[in-house]
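Below you'll find the structures, each written out as structure tokens.
Heads up, the next two complexes both have subunit A, just with different partners, subunit B and then subunit C.
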Partner chain A sequence: MSTVISPPGGGTTVAIHEQPHVPQPKQVGKPGGFLRRTNFLTAVISGIVLAAIFYFVTVAIVNKVTGGGQQDDLSLPDGLQAEIAMMYIGWVIGFMAGIGAFAGPIRWFLGNDLTHADAEYMSGKDMGREKYWKYTTDHKVVGIQYFIVMMVLFGVGGLLAMLIRTELGITWAEVFNPNFYNSLIGTHGIVMIIAMIIAVTGPLGNFIMPLMVGARDMAFPRLNALSIWLLVAAIPPLISNLFMGGIRDGWTVYQPLADQSPVGMIGYQITIIVFAFSTGIASVNLITTIVAMRAKGMTWSRVPIFIYGILGSAIMGLIWFPMYQYSQILALSDRVLQTSFFTPASGGSVWLYENLFWLLGHPEVYVIVLPATAALLELMPVFLRKPLFSYKLAIAGIFGIVGLSAVVWVHHMYMTGWAPASNYPFMLSTELISIPFSFLVLVMLGTMWRGAPWTKLPMMAVYAVIWNKVIGGITGVYLSDTPVDQYMHGSMFVVAHFHFMLMGAGLFGAMAAIAYWFPKMINRYLDERIASIGFWTAFVGFQITFFAMFVAGLQGMPRRVLQFDSLFNVANWVSTIGAYIIGTGMLIFLYAIITSWRGGELAPGNPWGAHTLEAQTETPVPHENFPVLPVVTSDPYDYGVPDPYELADDDAIREAEGVAKVGA
Partner chain B sequence: MSTEITEPLSPTTGEPVSTTSRRDRLGVWLIIASCTTGTVSLLIAYSYLWSLNVNNAWAPTEGSANWAADWPFWAIAGGMVIGTLLIWRGYGALKKGNVGAMKSMALISTLILLACFIGQIFQIATFPFGPQDGAYASATLWLALANCIWLSLAFFFTQALFNRARRGRLTPDNPSHAQFVAMFLTYLCVAALLSAVFTLVMKDSPNTNSPTFGTFQQ
Partner chain C sequence: MSTVDERTPEADEPEVPTNRPPGMHLASDWLKRPYVRRILILTVVIAAVIIALTFVMVAFMNMSGGPASDIQAQIEQTMFVLTFASAPLMGFTLAILTYSWWGGWGKVTTETEPTEEGPAIRTNGVAVVTWITVCSLLAAFLVIWGLVALAQITAGSYGSTPVNQQPNATKAIDINVTGQQWLWSFEYPDNGRITSDVLVVPINVPLYFNVTSKDVVHSFWVVEAGVKIDANPGAITNTGFTPNKLGSFNVRCAELCGLHHAYMETKMQVVTQEQFNSWVREQGGVKTS
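Now for the complex of A and B:
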């Protein structure tokens, strides 16, 4: 993408450092104020203190109301429900207060607006590594924070996956007791879902997207910090469920089983409620930044396809996440307040839960897969040095998926008995969504056609993802058929299918995207050799694990079982061996990330010769991203199309206007 | 070449306030869109349970005499509408240069919304049923609780408008925060009115032959 530099003050956005004369509110104290004293440590302390206060106060109130007859066994569904719920709520409020999240709203309430110096302090300017532990508003810092949190979540979820596969692989003995095994399944599921949702839109949506649209920061920097720290606050309640009876009902936590689960379920519910706030806020920020902060000249037909992927994902997150959030609010209410939303005995309906849950539960797949796919579409023209095949078809595919995602949720409920007459219309809509998905695969194949790929890891990963996506997609079409689903429902075949989509397309796509943008984010190349070994080891292990799981499913093995017939032994042994290969591959990939981060080869500003705006600024990215805001003058994928500046061949002009000479 | 910028600039980013306002307005619309989905979830829950009447347990256990009174819903929603109209009026006056009117309207609106908030808590405390008394009780309780949460937010926003107007942060050439609060309050009014309509119209379940699913107890 060619860029020219706007005249000073000529853009709609004016650089901070160019406006020293802007009248400032009165500076009270040092810049940053209260936030100078807050960080992750103060947040944890404050969270623990408030959690303890909430817990003991609730214990006192409940004892007073019930006369002290409260069941305090945490392994039982009715043990200390209100107390645990209030403890988690106290933790979240205390943590957010301790990190400084309430300082901004309170200042606004009192009419004390931020000064320029306050804003600079909050953005972490000249702060060093300390800024990563604070309520820092700079999008680059938030992107790195998301990156770290994502890796931690994948680490936890991956470890739980290993434990699950260990149990299933050791067919001659029982490693865990059944309740703990069920908890492993449920916790693994939801941890991985959260990690996958943030895998691309978290680190790359925050770090790369504003650079790519030519903005100085996200539209709402303080909301950006709020979204990441809400996510951090949401994690301890989720993990702690393992010590409070666990989540025994899978990540879907169907009612009324969830209502009868131990109090660990409350951790799940609080986590989802808080995470939904985090996602909603992040979605508002992403959409507003894309719609309102694009560089001059970046019309909708010049917006990079990765941005469209982020936009589509954010729209779905914004609209559908509240449904999931309310399903958990009402479920928590059923537990703690004894209401009857999902309890049939007193007028509730489990179908209501399933509808609310799957209204987000299925679009969430596209929330995960869309940005990862769009990232691959973004990097392919760079490594093939040719334009993206049918850019408009790709956009149609993305928004076709966004639109149809609203009318597919019932395919998760074919077998529940809810409105059987709706099965066939939803079967049709589910099969229809494979068409826009195919658009995206077609654009990938078209872009590859007669291309000479630069065989770097990000590009090679595209082949892996296409394979996974085709397998996941085709098996998905089978499962969307009601007659087939009657047989396959609840089997290991379903588990293998959604892992091919979520992990095969989502996670492997995210790994490719991380490999591509790692030099821009970290200022160093990702070690190509070690990362490739890790990636392909994980890929091979992935095929072994989940093809064996397809076989187990076709043989009739149900999911979420600890003990099974010896008929399924071989498939499970193979699957477990594959899982350990995945684990090894992922550890190698993680090793590549850590060693490259610490001492990898330094990367230039535009390591791959890309035309998009993020590649036109230097690395490490300056605090305000661009010296002056860029103006876009051409299409994003005009590889092979002569650049007007190249044609002019006037180095003096180019040099004067600061336009990088990029390869065609 | 430099461009003459006559309108006020944002102290934090240096951009013209019209630029930041446009951006913020889009953000408020998106937040409203997201909140709307949440409200729709509650209304779906209410109407769905009303239509199913599972185990014949929609109505409060004591029978139809225990429906919640209608008038508090309408009184609270009416109060919210008046509070919202005042903020819109204050915003209009502010744009014309009358900061004093904005202050007065924000203060009166705050008091009205505070009264609504207290009324909402009173209504919840005096419902003729407990949360465990069937699906109607649950759904109605949560419509009222949601209203309560919205009202506390509304109170925070309007009081903030008063504080900001008093501190000179709301000016005729930078009135956007008043508009954002008015927009959000309008959404809250719609949510409160919908709750009132649902609780008024959907009392006795149309399903007199209700399905029985057993107790699902362990």
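Now for the complex of A and C:
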């Protein structure tokens, strides 16, 4: 549709294209409609009701089929398989229905699509605290929700860690029943893995990333809400396993041992299947937002490095999580439908499971470490007032890791006997991945070079994290080497090594990043003094715990044991003392977060003087982030270079601003 | 010939003033800078500490009586080589980290954000190229050493063909290892199929293990011999070694296998050939041919 206008006085004609009229859906009732009545409470009620319905219907069907000869002892591996599986599925569907996740698609299907007013209601506009308990699409709300869920998961996982170390520290007695102990290590492992995967990309990827690229929200706001609430729905099946016989097989749940586990194992499988959906949806959302919704002028060579870290992590999550999901779908089918993908007695293969598992299992380490590392790269220039050293080398490092992460998984299977000849190429690829990692190390060192750090907690935490990363890196050199791994594999040395990477680099990195962005997210400063005490206490405890664990591993202590040779006693006592120190430090850090959240000092929009976009909008962040969408003219690392507007004026201004002159 | 460069057009604007330091330095000038010297000294100190720690690590590995085979000795040697090769780079990294953390380049401890900006070092071609070259060479060295070492211990353990079919290992003793929840059992097919729950072996004779499992995945680990291989249900995996030290050593399970995984361990007794023969007779078997 266009109108042709002749300008007065003749001359060329100008065609003005009008916006075609798009029919808008009609508003029925108040904005929000059904979603006005849904919240977390209705979701839990609906989840429990549907779980009960699914459970009893399945019981009735199974009794009809088997004639009532069903084994119903929960402690046995073959009791109530289908019933429990259906109960968990009912819980997830019921929970998602009760939170209102299906309202949008159903209304679209009925020809009554969501209106603009509905969408505004869903984004939590002008809503109070209750928006955090609802199916809210605003990325800032989702970020806070992820933050809370992450802290809850770390609390649960940390508590389990304390119980494990208590058992190992009391070398003269069995504190727990071996079955319960085995459930503890499995549940600790998987809870912490899930917590670590969401630790940076959850809160910061959702809250900070859209601000940093200058967008008004994520690309798919409703999918964003879906990803967080799927995660919430996935947690109860996981935790409930402790009361249903437990996951007794470590977080790897190798087959066919997992087949011997009681029905708690089904909780694990359902959790992983649902969590993989949540991660996939979140990854698509993050990737699309980064690729398509960057501010005007933010070319690929002006994107902050943290965004690249999130992008790399999301790409790996999107590609590799389905492998883990397949492995659990097949394992669930082995349990419930009596198939035999992984049961050697009926022709299955344990190596198939191990391959599927580690296809995610290794990239997942980079899914965790990459965003935490990129967050540190992002905050280092701010606290050193220097440009990021060799920005493009950092990008090359990130994508080198993303690429090589696809071809290293077999180093977890050097000693399985699956294909001894494959140990050669996979040793090569595993050691090659140290080259892109070394790029990131050079970027960090070059950024520090000749810079005077501003000694705030986030910056000081960077030093702690790099230390941990170096220790994790050098022990990784031993483990990647097949001959040495022949001694180390399956020992406490491995446990200490991956805690240095996942906790030392991942969790401490996430703590640094949260200390840095806390003022933006919560509008208040994190209490510097208390948080620092907590951080450094935890750091010291961490060194004690895991250096002692390296010693136990070198002496030959296998993983996942609750009683051991008296040779390992001293190392385990030291390790347990260290673990309690970590626990104390983490509680202090948590106390700092809670008190600062409730009554900390109010923070300005740009508390650290950063140049990135998220620091340019005001705090608290307005509903649609920016009054006017920003335009980017340079990368955010132009420290040491005066503002071009100042250059136009004379030297007096320059001196007043404290900007150095040429050659100074 | 004019001294004025006429080909380069005059800049439209005056050069932008920055904190960027001059680009190129001679290596000798660079080494005269005090902070460079301090960092290099720190590098040497830290690298020396890392190398010293390797001796401590290997001492921990040998606390229970190893190495009891050439394979374990080779593993320990490889650990030394890996550490020696990577110590300089690790030392350099930690030296810069320590120097910056210590405030060697200054510190800003104010409550408010710093007013002075650091040197605008965007990148440095020489540093980047040197770093990538050094890291790649190091990685290449580690890979090549690792591949050679792997080939050697493979020849000394499972090999590309079973040890007992290799011409120089005709005297190898076959042992069938079976893992089950939660014990190990050893069968000696060459000695009249006697079975034992303790691994009794003669010194200086190659051993060849056929490892399998009756139920779930176990991992057969002879700790002081440095040999480990998974015991998989429905499959046979192979490993082997030649014990070279008399005494009692540990056999453990290195893969979580259920309730009493922690207790799934036994001993390896390395004895002389005569003692082995008499042990075989006591068990009712036949002497190795």
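Just so it is clear, the second predicted complex is superposed on the first by the 623 of 664 C-alpha atoms of A that agree within 3 Å, B and C clash if a C-alpha of one lies under 4 Å from a C-alpha of the other, contacts with A are read in each partner's own complex, and residues count from 1 in each chain.
In this text, a contact is a pair of C-beta atoms (placed from the backbone, for glycine too) under 8 Å apart; a residue touches a chain by one contact, two chains touch by 3 or more.
None of these values were measured; they are calculated from a predicted model.
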Which of subunit B and subunit C A:115 touches, first, second, both or neither: first
Partner chain(s) touched by A:595 [first = subunit B, second = subunit C, both, neither]: neither
Which superposed partner A:523 touches (first subunit B, second subunit C, both, neither): neither
Touched partner set for A:489, first subunit B, second subunit C, both or neither: second
Touched partner set for A:25, first subunit B, second subunit C, both or neither: first
Partner chain(s) touched by A:248 [first = subunit B, second = subunit C, both, neither]: second
Broader residue contact with subunit A after superposition on the shared chain, subunit B or subunit C: C
Partner chain(s) touched by A:166 [first = subunit B, second = subunit C, both, neither]: neither
Which superposed partner A:256 touches (first subunit B, second subunit C, both, neither): both
Touched partner set for A:434, first subunit B, second subunit C, both or neither: second
Subunit A residues contacted in one complex by subunit B, in the other by subunit C: 256, 260, 344-345, 350
Residue ranges of subunit C touching subunit A (in the complex, touch as defined): 15-21, 35, 50, 57, 60-61, 63-64, 71-72, 74-75, 78-79, 82-83, 86, 90, 93-94, 96-97, 100-101, 103, 105-110, 113-124, 127-128, 131-132, 135-136, 139, 142-143, 146-147, 149-150, 153-154, 158, 211, 215-217, 219, 221, 223-224, 226-230, 232-235, 237-238, 250, 252-263
Subunit B residues touching subunit A - in the complex, by the definition given at the top: 1-3, 5, 8-16, 19, 22-23, 26-27, 30-31, 33-35, 37-38, 41-42, 44-45, 48-49, 52-55, 57-58, 130-132, 134-139, 141-142, 156, 159-160, 163-164, 166-167, 169, 213-218
Of subunit A, residues touching subunit B in the complex: 7-10, 12-16, 18-19, 22-25, 108-116, 118-119, 216, 219-220, 223, 256, 260, 280, 283-285, 287-288, 291-293, 318-323, 325-327, 330, 333-334, 337-341, 343-350, 352, 355-356
Sites on subunit A touched by subunit C in the complex: 178-179, 182, 248-250, 254, 256-257, 260, 344-345, 350-351, 384-387, 389-393, 415-417, 420, 423-424, 427-428, 431-432, 434-435, 438-439, 441-442, 445-446, 448-455, 460, 463, 466-467, 470, 473-474, 477-478, 480-484, 486-487, 489-491, 550-551, 554-556, 558-565, 567, 608-609, 637-642, 644, 647, 654, 658-662, 664
